[in-house]
Amino acid sequence: MFEARGVNLRFGGVHALTDVSFGIRKGELFSIIGPNGAGKTSMVNCISGRYRPTDGKVYFKGRDVTGMTPNHRASLGIGRTFQNLALFGHMTVLDNIMVGRHHLLKNNFLTGSLYWLTGARKEELSHRREVEEIIDFLEIQHVRKATAGTLSYGLRKRVELARAIALKPDLILLDEPMAGMNLEEKEDMARYIVDLNEEFGMTVVMIEHDMGVVMDISHRVMVLEFGKKIAEGKPEEVLADPRVRRAYLGEDDEEEAPAAITAVVPPRKEVA
Amino acid sequence: MASVSIIPSGDYKTSYGSDTTIFPTRTSRNFAILGVILLLACPAFMDRYWLSLLIQIGYLGIAALGLNILVGFTGQISIGHSAFFGFGAFASAWASNSLGVPVALAIPLAGVMTTLVGLLFGMPAARLKGLYLAIATLAAQYILQDFFARADWFTGGTAGTIAEPLTIFGFAFDTDERFFYVALVALVVMYILATNLMRTRDGRALVAVRDHYLSAEIMGINLTKYRTMSFGISAFYAGIGGALYAHYLQFVSVEGFTILFSIQFLGMIIIGGLGSIMGTLMGTAFMVFLPEAMQALTKLVSGTALDTALNLKDNIAFLREMSIGLVIILFLVFEPDGLAHRWKQIKAYWKLYPFSH
Amino acid sequence: MTLLFQLLVNGLIVGALYGVVAMSFVLIYKASRIVNFAQGEFLLIGAWTCWWLLTSWQLPFWIGFPITLAFMLAFGVILQIVVLRPMIGEPIISVIMVTIGLSIVFQAAMKWMFGVFAKPFPPIFASPTMNLFGLEVQTVYVMSLVISILIMAGFGWFFKYSRVGLAMRATAFDQQVAQSLGISVRHMFAMSWAISAMVSAVAGVTVGVVNGVSSALSFFGIKVFPAVILGGLDSVIGAVVGGLIVGVLENMAHYLDSQWLNWGNMYEIAPFYVLIAILMIKPYGLFGTKDIERV
Amino acid sequence: DIPVGHLADQSGATSDVGVPYAQGVADALAYINSKGGINGTKLAVDTVDYGYQAPRAISQYKKWSSGSDKIAALQGWGTADTEALTGFVGKDEIPAYSGSYSGHLTDPTGKGPHGSKPAPYNFFYGPSYSDALRGMLMWAAEDWKKQGGQGKPKYVHMGANHPYPNAPKDAGEQLAKELGFDVLPAVQFALTPGDYTAQCLTLKEAGANYAYLGNTAGSNISVLKACQTVGAKVQFMGNVWGMDENAAKAAGAAANGVVFPMRTAVTWNAEVPGMKTLKDISKISDASGNAYRPVHYMAGVCTAFYMKEAMDWASKNGGVTGPNIRKAMYQKKDWVPAGLEGVCVPSTWTDADHRGMTAVNIYRAQVTGDTGASVADLVKAGTIKLEKLTTVDVPRKPEWLGW
Amino acid sequence: MMLSVNNIEVVYNDVILVLRGLSLEVPEGEIVALLGANGAGKSTTLKAISGLLKTEDGEVTRGDITFAGERINGIDPDRIVRKGIFQVMEGRRIIADMTCLENLRLGAYTRRDNGVKDDLDMVFSYFPRLKERTGLAGYLSGGEQQMLAIGRAMMARPKLILMDEPSMGLSPLMVKEVFSIVQQINKDLGVTILLVEQNARMALQAATRGYIMENGKVVLDGTAEELRNNEDVKEFYLGGGNEERKSFKNLKSFKRRKRWI
């Protein structure tokens, strides 16, 4: 489905990604984890086309898409959500999601303007129907007509997901979909993601810091650290890897957090 | 969970079709139709002065709508709109004078020609953002103005050019009473087209580009295409507005299309409400009526005790200019989001009355 | 050849003046992301004030000019308090429209107060012109050149290192965040408007001394847009460089025009063509900060 | 009452000349009313400042031209608005007296060789821009000989690329060629004050001898000053709106020697019979009677009085209507309104030729010393002097009609 | 009581009522956690305290907020900061076009003492990564930005820090670090902290007291201890009652939603 070969990404002196290669199989739920600043988002950006690797190639459905623009990739079937919310703040939730249908719609500024005469109305309405299904699926009916910018954080994340689903992507990239959610909401979100993967048959790439979620729902996990891949494999294998434990989780199990806390805090200087 | 949508209560839609109409409720639709009918009757009871103001609102409103599509919906500021307006005016006059195209066809043709010019000057939009783009449009303003003054074959040079009145089947729309209908029909048609545009694919894409162009691109929207296209559409509206202006005044001169005029267009849409179609019309009306109202007001003041007390006499003109500026300022201080916003709030208030919270 | 050289010198001198005006735009932009369309009127107000002090009060220039600057400082603060303060937090474009409103008001007010006729400045310098590299130039241009260099250096430092300079930039970036840091958005705005008004006055007086004061002088406000953009909207140094480039460009274009093209007004239009060309290569001008595009 | 519309620019871009001109018109009309109006009927004058914005002029015109109190005549002003209104006043048959002196407004039938739009209801008092320039060129040709100039004198047209400065450009350049001038490529400068050193340097380099300044005073002053600074020795020729007492004051020594055409025969302090009426008119807005009135004020008065006399005739010959006023304008030859003898220059309009005046009075501005004081004082002290050079009779050639 | 919020009501845009009579108290020197579902109004509460509502067209229409005995509602946000309340806003909100160092220096904007340099070193010793990143802060990764935002708050040396979801987007290791730093700031510098968190487990471990809000109101409050042992809280915020944590994978497609009102 997707493959990265020797991807390097540099920003000036910063090596965001160094020689990362991996593949994602069709129908997989693939997680990328790693410490902050490890290059996870950068990797996803390389997949979705926001960044172009300084070196290396990315393939999607067997095609070399390295030099392709993001909008072109979207029409090939890559959809995504963003770590820092990127909704269209002044549009309604409904319109936000309808934007996701962009590459599936045919009407343009001419036929659209002539709404009734050119079948644009019919087309819009049929897509509207599908969008409503997504809305039902994600349980955001009540905010359908609300302006996206005024929603609370959690709801916005959900709308983003809805927008990405509306693209009907084959590969969906989720950048920390559960950040800022409480347990209950995480559970909801996890359920949606699993459904997407299992029932809608979408291949999912997910960046997430909640190990519980990652362990439970992902098929395979890749770990990045300082832009390098340090592990890849089944979740439990990866989490057992001592390097991962040290670099990412902190040596001790999370249940014993308080003890760990004192361990990681650097000696503090005397401050006046 | 607090639902923030303000949908009139008791208004349940039974189909998606009825949920995407231009008018959210039947009452509002009926009001609009009634409004148009009332307007149709205007020439019967209004004098030429009022008609001429309404006609101005008509052609300026069309052009301003174009600007709003560019600025309000796509988020690209332009301070060169009057140049496109002027281009439309000259193009239509040129097409009918030199090519012998009937005026009724010259007007849309002028729209198309202006679109091409708009696309040309919209090209920097692919790379420039915000005020950098705005100043690039300022360049368009000056370059086009210079072109108008030079292109004798097209504009008649600095001497200007005459434009024939619009004639359909031998019936000349050459008086205010008659031209009023032309302006009204054009206005309604152009506004409906814009409304449709904004509720379909490309319109949404324009707004998406404005709100978050990075994620818009990832949603499959071709940024370059839409940024440029927005200039094209905007220029089309400006061109149509300009063409109507030409055939209404029947004379076009380079002097008319200055940067000040461009700024006035900006004023119309900001005061009306960025990104609001009906707001554009309200803003245009505001900017057309404001100087007239101030003029009338100064008339009232002159000769009164206030006049003598302040010793205005020769300076009343300055007082009027100042009050025009002041009204704009005060308006924006109290309603920075424009007339459309205030209108919405009034409506929301009455819908929820007496439970305003 | 000498003509070319003289034009070059003239371009630099006039360019420095554009640079001063451009700088006053940048100051406001840097603190508030507002493009002040009333900048030209600031020039005008400064020029009239100085003129008034020098003619009605018969003050010598070296007293009248500093008083003018002080007045403009106060004027900027008051203007900010009365008109712009209520607009804090409102859409930038609405605030820009307010500055357009202000320009209308000031334009009319100045005409009301000082009349519609151009008025000459009393003679200021012992020798009104001096010879610079073989070109007779107005002494006051040289004065503004010197002042502009000083101002530029001052602001370069100010925005890079001073606490308040940083705070101004933060305010421009995001008013809400700035407030959350304890920065008084009002103070920042007041300060930037005040300084900007003062800098404009330098330019206004310079132009006034050369051409006489009249309302049309406010046209300078729009004329320097290409300079502002060329340099980069938020760069003080860029403003000056942009001004110099536009000044030289105008003169060079005029040279080309008068010698070969005979287009007539190349000097007016050429900066705009060059502007577009440069922006296509450097979309944020020569020194402007790039927007951060991250998702 | 006889409704009369008066468009004035008191606050706009051309207010520096618009204010005195409009004051002249307004005072004259008020004076006429104080003397009983038009054969006993008062004029109902509506003076409106349109800020030099054509759209405002148009909507104002619509107000005036509709309804029951449709105006009988219009006192107009600028280029853009006069042009825009030409078609309307023709259709509505409202005589429009403007301050725009474009040559093509002088062709009432549109049959002139230059095929401009017919302007049957447009009038102005004074030589057209083209004729004024022709007159000055004829003077310049003489002057060159008198100065003992060697070879062909070099002439250059200067101004913005706008309708108003350009109006006489072709006419001037053509005549200059005929008169033996070497015509240099036109030099442009904007309508606003600015730095025009570059223009002056090229003038100097090209060695121009005579230059026409087509713009209004503000930007002309900038050119005069810049040319003085760089030491370009050019004889500047202003246009009617380009030079007056106020401009001479603002430009100071730089204005010294500039020649320009004048519409009236004399300036304010002259002693001619008509000045008595003029002083009375001036008292309308200046009770003290001390005000110094610049040339534009006087031109405004003359313009208003031509309209007044035409109305007088019309009221006796079928009523004060537009067509009658127009007809009245054609009744006399070389006429001066009663009471303004020696001030207004005799003019003639015919239904085929609206070139009211082809005699061009050429004046020279003399500025000696500091110009800080008020215009009245400067003129009294002789620091500013507008000195008459000559009157050139520009031939009324048919091929120059409407050009 | 250092901070007390009495029965406040907040309205956005003159029409949208978000807080409906919310009250809470923050005693000096403690860490108080504020928990609640998305959209409950937690961020709104913090903004009401810090005065930042105004810029979002929000307004406290009823009730009052007192800080150290002084009523502070209606005061401008910058003056509230000077009084010693500093908010770390949701979503980091660092100044993207400045460097880390400049961001940190701005944190100390209200300070006039000369301990700024030492505090910079202190922040860098907490977050060594920030020292390495010399480019513009806008290019930092999400987690790095969060560190910067917290560091910036420390630079202000406030009496009370309002933290809006400091752990959002941080790796597990960082989350621990951040919470330990929060505790340390509280203990060592004596700063009182009002903490809004989704990570209820960590929050209730660090905090001394907690409030749970729903729909613009506080529905439950008590010491951290009490809340940790509350069955409802356990089930809906901490995950799993007494039994083992349930797997995210095997959730039923229908769910019972907990609503206190």
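For clarity, chains are labelled A, B, C, D and E in written order, and residue numbers in each chain start from 1.
Just so we're on the same page, a contact is a pair of C-beta atoms (placed from the backbone, for glycine too) under 8 Å apart; a residue touches a chain by one contact, two chains touch by 3 or more.
No experiment lies behind these values; they were computed from the predicted model shown.
Engineer: Going by the contact rule set out at the top, which chains touch both chain C and chain D?
Structural biologist: Neighbours common to chain C and chain D are B.
Engineer: Among the chains, which has its CA centre at the largest distance from chain E's?
Structural biologist: D
Engineer: Report which of B-D and B-C is connected by more C-beta pairs in contact.
Structural biologist: Contact tally favours B-C.
Engineer: Using mean Cα positions as chain centres, tell me which chain lies farthest from chain C.
Structural biologist: Looking at centroid distances, A is the chain farthest away.
Engineer: Suppose each chain is reduced to the average of its Cα coordinates; what separation in Å results between chain A and chain C?
Structural biologist: 47
Engineer: List the centre-to-centre spacing of chain A and chain E in whole Å, with centres computed as mean CA coordinates.
Structural biologist: It comes to 26 Å between the two C-alpha centres.
Engineer: Where the CA atoms of chain C average out and where those of chain E average out, how many Å apart are those spots?
Structural biologist: The mean C-alpha positions of chain C and chain E differ by 44 Å.
Engineer: Which chain A residues touch at least two other chains?
Structural biologist: In chain A, residues 50, 82-84, 86, 150-151 touch at least two other chains, as defined above.
Engineer: Where in chain E do residues touch at least two different other chains?
Structural biologist: As it turns out, chain E has residues touching two or more other chains at 16, 39, 139.
Engineer: Where in chain D do residues touch two or more other chains at once?
Structural biologist: Answer for chain D, listing residues that touch two or more other chains: 10-11, 19, 161.
Engineer: Which residues of chain D touch chain B in the complex?
Structural biologist: 8, 10-11, 19, 23, 48-49, 51, 53-56, 58-60, 62-63, 65-67, 79-80, 83-84, 86-87, 91, 104, 116-117, 161-163, 166-167, 285
Engineer: Once bound in the complex, which stretches of chain C touch chain D?
Structural biologist: For chain C paired with chain D, touching residues are 3, 6-7, 10-11, 14, 17, 55, 108, 111, 116-120, 122-123, 129, 135-138, 207, 210-212, 214-217, 219-220, 223, 250-251, 254-255, 258, 262, 264-265, 267-268.
Engineer: Can you check the complex and tell me which residues of chain C touch chain B?
Structural biologist: 29, 35, 37, 83, 86-87, 90-91, 93-95, 97-98, 100-109, 111-112, 222, 225-226, 228-229, 233, 265, 268-269, 272-273, 275-276, 279-280, 283-285, 288, 291, 293-295
Engineer: For a test of understanding, state which residues of chain A touch chain B in their complex under the given definition.
Structural biologist: Touching chain B from chain A are residues 48-50, 69-71, 74-75, 79-80, 82, 86-92, 95, 98-103, 105-109, 111-115, 120-121, 124-125, 128-129, 132, 142-147, 150-151, 163, 167.
Engineer: Where on chain D does chain C make contact in their complex?
Structural biologist: Residues in contact with chain C: 10-11, 13, 15-16, 18-19, 160-161, 185-188, 190, 192-195, 197-199, 201-202, 205-206, 217-219, 221-222, 225, 229-231, 246-247, 249-252, 370-372.
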